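In the two complexes that follow, chain A is the common piece, with chain B as its partner first and chain C second.
So, the complex of A and B:
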């Protein structure tokens, strides 16, 4: 059962092979038994999950079910969930029982999905390794000495370890795609505005976007069919039609034009990663695609401009955590300023404080033109690079990350080293484009197999195309079926 | 770009963040390194480039000015650290 995809589990529910209660009980038991090794969940919602499963079974019995009714999934602990602690990986929100639902949660509830619990993440989604979480690091199921990536590291590890068939994530600079790559699963960051940000705790509002983390592209399409759509509560929600993301999965790829940006294959790229990505591109050629070199000349400016825009927006968004209305409050404040400073100083971890300070500095008097405005100008150049390249090709491909999963603790002493982890992913957030990561092979490090991710980038609103391109690869290859060896052993 | 102790103290004050005295040198070094990284932007001539604030350049959506939300004060204040008579409590600000 734990090796089945969402689509396969839906069939089992349809045919009555098992009920949602049976499925949910099995997953909850597995999480409670196995997650000690991975720390992928912050909160396991046994009681709510079983209530939802009972309701789903009743709904199926009346013939009122959707494709998703009764399917258990996990949610990144950034999505506000009514009546459930929503911590965002921070001490600041350790005591926060959300009084309302994020739109994404509401949509899954309406579809009849079951929520198994809330997954671990970097604090306020700021990180690429899941080591900044107040609840401790998540372990990569492929090698528990290594990170799962971040910030949606708990979601990625839970799906890879077969603790949940699918999970939600969010991506501000690569936080869905990079952990998907490092844990050997499928993840898609939709076009900015496709998935509502309402109730999704804000990090950098012009970059944040929610999306699915699954085993297959087919499952990602199923998830996106629930998650996407206009929301009047989100002022930047897209007012475009929401297509059936499953409709085009099986379109043949003959004649597909794939752009290969030379900047995504630099000299210093890990040769084993480059080889796996090149092999995947050969596979696409065998499926009838044609490749073409393209250029994204401003790629090297993406990290510098991102590390102004994201911290600037974060410093503004996180000003709401003041110890007055919700969240952590310091003991015995001597005056209002002391209340603010100590509540924030004690409630936030080191990386969050660093980013708030960088953002505060960049937005402080006299520096606006040199930093924020400059970064927004470069943002336009980066967007224009993609627009130009996507006039010549249908999709762009390259590695999702420059290296496979690194060891826990390896990059914590140098924030810049950690920031470079997202060098191939964060341009897309600046441009607002959709992007995916799918497993395309493995490399060996210290006798352990570690997954490699292929990044697929498409034009605005081209999620259907990305899912089609990913699905056809998964029909022709079996990398997405690989199970971490330790997980296989534990399932027996 | 090098920030010193007083720069870090000033930024932390503007951000209303209490920083441990002992951590200031490390913050100064980290923040200086991050500013060195972001200053790579300055080599790019952007004089003629319009800033891009929204990826698809959407504009603020407007709606009819009518009441659409009910009063949820009690529900929303249920997570507040200190509340009395429907008011958030903070230390005295006027002597």
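So, the complex of A and C:
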């Protein structure tokens, strides 16, 4: 049962092989038993999940069900969930019970989905390893000494460890794709604005985008069908029509033009990673695709400009966490300034504080033009690079990450080293483009198999194309079926 | 040394939208604390702003009314600072691309001079909540009802040179926003408040002196007092060898003085940057023209029309056109009375006197414009005299009914029967032999003045009801007949 995809589980619910309550109980039992090893959940919502499952079974009985009714999933703890602690991985919100639902949560509720719980994440989604969480690091199911990636590391680990068939994530600079790659699952960051940000606690508003993290592209399409759509509560949400993301999954890839940016295959790229990605591209050629070298000349500017823009927005977005209305408040504040300083000083972790300080500096009087404005100009150049390249090709491919999962603690002392982890992913957030990561093989490190992710980048609004390209690969290969060795035995 | 003041004003006008600028919460004043604040206003994690199009329309109306450029693409920026009544830790405002660009208004001064004052810009922003410091021992309360109320911040050029000019400017802006119906103009509730930037310089000097800003002044009188006081303070300071420090000051109406709130060194770095949660507002010519069609007649245009159409003096037309309520009232009276000058005299005279002494605004007048017009109509058609009309007015003010009802009930209808009037006159002449003799003895050109006595006697005899014109005419004829 735990190896089944969402699509397969939906069939089981349809045929009555099991009820949603049975499915939910099984998953809850498995989470409670196994998650100690991974720490992928912050909050397990047993009671709410079972109530939702009961309601879903009743709804199915009336014939009023959607494709999603009764399917259990997990949500990144960045989505506000009514009546449930929504911590964003921070001590600052450890006591915050959201009085309202994020639009994404609301949409899953309306579809009749069951929420198993809230998954662990880097504090306020700031991190690439899940080590900045107030609730402790998440362990990669492929090697529990290693990180699962971040910031949606809890969601990625939960799906990889078969603690949930699918989960939501958010991606500001790679936070869906990088952990998906490191945990061997499928993740898609949609076009900016495709999924409502309302109720999704903001890190960097112009970059944040929610998306699905699943076992397969087919499941990602199912999730996206629920998540996507215009939301009047989010001024930046897309007003364009929302297509059926499952409709084009099986389109043949003959003649597909794949662009290979030379900047995504640098000389110092881990050769084992490069080999797995090259092999995947060979597989695409076998499916009828044509490859072509393209160039994204401003790639090297992506990390520095991202690390101005994202912290600048974050420094403002996180101002609301001031100890006044909700969240952490220091003990016995002397006066207002003491209340602010200690509530924020004690409530935020080191990485969050670092980014608030960087962002505050970048926006300061006299520095704005040199930093923020310059970074925005670079952002336009990066976007133009993609626009140019995507005039020549249908999709762009490359590795999702330069390295496989690294060891917990390995990069915590060097933020720049950690930031380079996102070198291939964050350009897309700057450009607002959709991107996907799918498993394309494994490399061996210290006797452990570690997954490798293939990144697929498409044009604006081209999620259907990306899902189609990913799905056809998954029809022809079985990398996406690989289960972490420690997990296999237990899920039988 | 002769000094000259330089004054620039920032006016915050609360826009009269039904809901807040970025949320669906209501904007009514006076609700229980925190009952008009939704998740967005409380800045709960994850909430996002959605711009209220009604506020845009109002801002564009204002821009058109002051003949300003309208920003075809305006952008919201975040002004970052920490304060407990600022829930998000930033105020959403417009720094770089405001909705209203340069415009101007003309003010009239007491000596009849007109002066053009530049409006640099007007931009949309959200109001903060309120901190309450005197309700809970050792703690402050926060009321977020006002948080997110739309404001139009109207920034003038430093074009004013005296408190009088500043007040005339503020009154004109006040008249414009209330005429447009985009602000209720209620200064006591903070719907319309003013920050005054004041500096002084030796007359003839070109560059500006160091300025201070006095914040949130909420009455015309306080604006005048605060500016006068600040000008005097600065001149005294400089003449005593001191220097004006650039600072934000607070006007204390009780003490009638400004005091320093924070100096330049303590000033915040607001770290403005474009708000990534809101799209730029892009508007086209069609939108602007559609808004232009909804503009009511503005005070200046009405002023000119009142002179032209009703033959009013510049002064009377100015007073009657300054406020929409008053101007509308006046025109309704004109229509019912069919006599613009009579209407102007009564609205600016008797009615204003009663309203002022009862501390009422025109919208709260117990006598409706139609009823006042009805009263004036009875003067015009000689049913009553002007003097009796004041008596009827007072009865109407006290709720005793319409003019016709009061005239009927009190039997105040004017006597126009010339037979009856002649009878009264004969009686008066018969009793006033000495005065008649004086009249007869007087030089013919002095007699006119002496007519007053007999007029008074006849009017008294008629209890004021005799038609004064008729009395005058008949009286003159009869007395002159005695002289022959």
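The rule we apply is simple: the second predicted complex is superposed on the first by the 491 of 492 C-alpha atoms of A that agree within 3 Å, B and C clash if a C-alpha of one lies under 4 Å from a C-alpha of the other, contacts with A are read in each partner's own complex, and residues count from 1 in each chain.
Rule of thumb we're sticking to: contacts are C-beta pairs under 8 Å (C-beta built on N, C-alpha and C of every residue); 3 or more make two chains touch, one makes a residue touch a chain.
Small disclaimer: the values here were computed from a predicted structure and weren't measured.
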Legend entry - Touched partner set for A:269, first chain B, second chain C, both or neither: neither
Inset, instruction - Once the structures are superposed on A, label A:340 by its partner contacts, choosing first (chain B), second (chain C), both or neither. - result: both
Legend entry - More chain A residues in contact [chain B versus chain C]: B
Inset, instruction - Could you look at A:55 and tell me whether it touches chain B, chain C, both or neither (first, second, both, neither)? - result: neither
Legend entry - Contacts of A:377 with chain B and chain C, given as first, second, both or neither: first
Legend entry - Touched partner set for A:206, first chain B, second chain C, both or neither: both
Inset, instruction - Examine A:102 and indicate which partner it touches, taking first as chain B and second as chain C; both and neither are also allowed. - result: second
Inset, instruction - Figure out whether A:236 sits in contact with chain B (first) or chain C (second), or with both, or with neither. - result: both
Inset, instruction - For A:445, select first, second, both or neither according to whether it touches chain B, chain C, the two together, or no partner. - result: neither
Inset, instruction - Pick one for A:360: touches chain B only (first), chain C only (second), both, or neither. - result: both
Inset, instruction - List the residues of chain A that touch chain B in one complex and chain C in the other. - result: 96, 98-100, 206, 232, 235-236, 315, 319, 322, 324-327, 336, 340, 360, 364
Legend entry - Residues of chain A touching chain C in the complex: 79-80, 86, 88, 93, 96, 98-100, 102, 197-202, 204-206, 232-236, 312-313, 315-316, 318-322, 324-327, 336, 340, 360, 363-365, 368, 372
Inset, instruction - Enumerate the contact residues on chain B facing chain A in the complex. - result: 8, 11-12, 14-20, 23, 27, 30-31, 33-35, 37-42, 44, 46, 49-56, 58, 60-61, 63, 72, 75-76, 78-82, 88, 90-93
Legend entry - Footprint of chain B on chain A - complex, ascending: 95-100, 191-193, 206, 232, 235-236, 238-239, 298, 300-301, 303-305, 307-308, 315, 319, 322-329, 333-342, 344-346, 348, 350, 353-354, 356-358, 360-362, 364, 370-371, 373-381, 383, 415-416, 419, 430-433, 460
Legend entry - Residue ranges of chain C in contact with chain A within the complex: 39, 42-51, 78, 80, 82, 84, 87-90, 142, 269, 271-273, 276-279
